[in-house]
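Chains here go by letter, A, B, C and D, matching the order in which they are written, and residues are numbered from 1 within each.
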Amino acid sequence: MVMKKLFDHGEPSYEQVNQDVIKSLIETGPKYWMLLATTVGITVVCFIVPWMYQIHMGVGVAGMNRNAVWGTYLSNFIFWIGLSHSGTLLSAVLHITQSDWRKSIYRSAEAMTLFSLMVAATFVMVHVGRLWFIHWSFPIPNPMGLWPNFRSPIMFDVMAITTYLTASSIFIYMGSVPDFAAVRDYSSGLRRRIYTVLSFGWRGTSKEWHTLGWAYTFFAVLVIPLAVSVHSIVSWDFALSTVPGLHQTIFAPYFVCGAIYSGTAGIVTVMYCLRRFLGFERYIGKIHVDYLGKLLIALSMIWTYINIMELFTGWYSGSSAEIEFLKFRLFGFYAPMYWEMILFCAFVPLLMLFKSVRLNWNRMLVISILINIGMLSERFIIVSTSLPRKLLPDSYGFYFPSPAEISITVGSFAMFATLFLIFIKVFPAVSIYEVKETLNPLRRAEKT
Amino acid sequence: MLSVHNRPPKIQAIAKQEFREGVRVNVSVLEALKPLRKSALLGIIGIVGIVVGLKINAAYSTHLKPVQPIEFSHRIHAGENQIECLYCHSSADRSPSAGVPSVAKCVGCHERIATVRDSAEIAKLNAYWQAQEPIPWIKVHDVPDFVHFTHKRHVLAGLECQQCHGPVETMDRIERVADLTMPWCTDCHTLNQTDNGLDCYTCHK
Amino acid sequence: MSVLDTIRKYREAGYYKEFDYHWGMTVDLDRCTGCEACVVACQAENNLPIVGESSFAQRREIKWMRIERYWEGEYPNAKLNFIPMFCQQCDEAPCETACPVFATYHNQDGLNTQIYNRCIGTRTCAVYCPYEVRYFNWFTYTWDEPLERQLNPDVSVREKGVMEKCTFCIQRIRQAKDLAKDDDRRKVRDGEVTPACAQSCPTEALVFGDLNDPESRVSKMANDPRGYQVLEEQNTSPSVVYLQKVHGDEEAI
Amino acid sequence: MDITGTFQYEEDAISAAQGLHAAGIKNVSLMSPIPMHAAEKALGLGKSNVRKFTLIGAILGGLGGFSMCVATALVFIMPTGGRAIIALPPYLLITYETTILIGVLSTLVGFFLVAKLPAWKNRPYRVEANVNRFVVAVESPSSNEVKKAEQIIRGAGALGIEQTGGTL
């Protein structure tokens, strides 16, 4: 197999990998703290405060009404769940297929999975009317002796997201254990104690490596079908209803594809930040942006195809309700948003066909952000153009997000940023041992 | 260029001191947790304390056995004097609520019973009678507002009052013996194969 | 074996046919004048909150029963049709499958129940309902000073975050069954129970009763050739039958 | 007392570990900064027992998930939307998720048990092993094994040998 060059600026030494990665972890400047304080501040002001107000007053604080009982909270929930899918793709699928280029970026991709899932789970809590009874939807012993309804699509969601959250946190943690040991060896005092506990006293014996390798492969094998099932299940929340525009068999692949699409774009954004602000230029280079770009083009084409098919099915059905809904989506109030989504998700990614775009980090950053703006709108459009055009014309309505919803949406991004900023100071953001695996092996035969 | 770390590289120093000289690193997790021993112990003591405290609180709580405005004794009335439950709680077989007797009903008897007419508790009763005010009894068996419970159906079905209210005729002060939770209701409905007994709308409203 | 039998009994959509009742209603659209007396009666009977002007303008009204208006034709020859819309108590209700906590399910009387205090407010049922007759409590609504005294003690007052909907006045059905039991009757007689809307309808457009009983007034009405069900193609098999309006005589009049 | 030897090259470390095994010395561990597939082969580490944990966990999870659904449906029989009380399609979805959930959790338990982690007691270790050196360690050898072990390690081309006392 012809290997592309993994490192743009020459191969680092083993020692240098340790130092570069751990440096990003333990050397914290004032700008980091300022950034963290800002994101925490935005989270509190834009997310926590409106949420508390909403819990106090009722969900009426949001802009939803009788015709559109689902709104931005749910569309954001799907968006964040979607964003979580690429991490699994990079870490699990590419682990099984033994791609070397994934090794320097998969840790942050996994972190993205974990944190966007956390944000998504928070959105479920923001969405429900009576947060204080949300434990009734968990299969746990309770004083009523009544367990949840496992025939409900919402319960599939509860089970899938809990499983995904558990599995992906174990997945990222297990992969980091050897690196926690490396941080332990490079630190002293309290930090050494903490990392001794976090690394379980990892020494890197052959037995440990062997067991980790096997366990990691099993995690990967278990997580891949899980990830596919999670977003399929999320799509069935919609597809099992009878609402025109939601009641579609194509929804599961549509959502899974869209999820991986927006997630991969999200990874490009995160990679850009890691390169620029943590100094990982040496480890994240041309090959990554090139491959991710190609992946994005492929995904964008699948996405476009499914999107066209979705409209076609509605139109071909000839059902007056479907056609009314299509008119509203394509030419109604939210039409500009719809066409913006088509522009950003179907046409802008085609620019990446040019090598000059694909290999330029700045251009890729812009494209990846545009794709995610498009995907955010896609989720919003799915909810807000379908529900107000249901089956009875008398109940045609309209939905526009309230200030509280917009603020909580903004706050969710700050929450994600906060979690990620904490992550880069706790976890080695680039996997130390997997990067070393791609370097020249320490063998006599190849050295001399 | 904005960089989150602009301090001199600490990592070099660490590498020189601790890595180069091959300093032994402790890999034992217990060892690393040692400084936490005191706080862990305190935490365990705290949790145990809270649990024990809650138990003690529950044991001595008057929530299930409130002090009533008048020390009315069911033991004397229903036990020793064998007054029928339905004599005072007269609407139990006719209406959803069993009914609390009016002050007039109490006074009606106590006017004529010479032995107890002068006791302190009867004086309280008389005070309410004089003031023409109802006695503010504290409800012991209180089901939530969303529950539709009717005494009538249960009494007519042949249930003894004691089955839910406990041995009232032995209690000086009324105490709640059943926990009034949903399984408490549904278990009985299942056991007795009641008509639509497990339909939510039988009890919920 | 008995467990399997029990399960089998509940398998079919119309399983309650072996039970005592299958409550249903017919709506004679030819008789409906759109006076909305039923809406007001429902409001009074079931402790429906008064949401206030601004909430109403935001389409957050809570009316378990509404009169839908549909115009037919262009201006000089326009015809106005009223369709009273309330919970259709579907046998195969899409909303029931949606609830994660069993707050809504199908009971033996063929009623689509909503247990308010079990609801956690995911609002999925309202999305799944094709008739859009489920109403959400966006806030905790209160009643002004004297109004709270008219609240019905047999119906609970719902707090914020709870879904609610028409129950066919379950409290009246419960009371009728109670009285029937007092008389040592197994079944409620036809006409002994009437929901608030049917009771208040001045033209008797709404008829309520037991569809299991072929002799009941509602069964006879439901077999009328004019009968149809709203959104039949959704296969929800509603318990409400609408009787078509008869057009054609307007010019003669 | 433990003996640790540091090596620059993978082959040397592996041959040292093999030599120690051949000499019948127990408690030998070979530490490396990256997983060494050659060493795993040389030390005879075949298929890991972790897979058994995964399989058993997944099967138990699947069975448990399905029986949880069935039991829940039977405790209170609540028909919804005309669906069967024991409705296979939705229950199989739940089964799918619990299979994975319990499978992952038991793999985690399997990892800890097979790799003998967390290390509650201290074990011989050198920080170089996590950077760019290979370390062969003999944990508390008996007094007559010490010499032999040192000889084998040195013979394999160790950069340095260290004796460290006690278990601390």
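Simple rule for what comes next: a residue touches a chain if its C-beta (ideal position, glycine included) is under 8 Å from a C-beta of that chain, and two chains touch if they have at least 3 such contacts.
In this text, all values refer to a predicted model and were calculated from it rather than measured experimentally.
Nearest to the global CA centroid, when each chain is reduced to the mean of its CA atoms, is chain A.
Comparing chain pairs B-D and A-B, the larger number of C-beta contacts belongs to A-B. Inter-chain centre distance (subunit B to subunit D, centres taken as mean C-alpha positions): 50 Å. Centre-to-centre, using mean CA coordinates, subunit A is 43 Å away from subunit C.
Spacing of subunit B relative to subunit C, judged by their CA centroids, is 37 angstrom.
Counting partners per residue, subunit D has 76-78, 80, 83, 118-120, 123, 125, 127, 131 as the residues that reach two or more other chains.
Multi-chain contact residues of subunit C (touching two or more other chains): 94, 97, 99, 102, 105, 118. For subunit A, the set of residues touching two or more other chains reads 15, 145-146, 148-149, 151-153, 155, 181, 185, 200-203. If the chains shown are joined wherever they touch, the resulting network links each chain directly to all the rest.
Residues 1-7, 9-12, 14-15, 18-19, 25-29, 31-33, 35, 181-183, 186 of subunit B are the ones touching subunit A in the complex. Residues 13-15, 18, 139, 145-153, 155-156, 159-160, 162-163, 166-167, 170-171, 174, 178, 181-182, 185, 200-215, 218-219, 222-223, 225-226, 229, 233, 433, 436-437, 441-445, 447 of subunit A are the ones touching subunit D in the complex. Considering their complex, residues 8-12, 17, 29-36, 39-40, 43, 45, 47-48, 50-51, 54, 58, 68-69, 72-73, 75-76, 78, 80, 83, 87, 90-91, 93-94, 96-98, 100-101, 103-105, 107-108, 110-112, 114-120, 123, 125, 127, 129-132, 134 of subunit D touch subunit A.
By the touch criterion given at the top, residues 74, 76-86 of subunit D touch subunit C in their complex. Per the touch definition, subunit A reaches subunit C in the complex via residues 57-60, 63-67, 69-70, 127-130, 133-134, 136-137, 146, 148-149, 151-155, 158, 237, 240-243, 246, 387, 390-395, 397-398.
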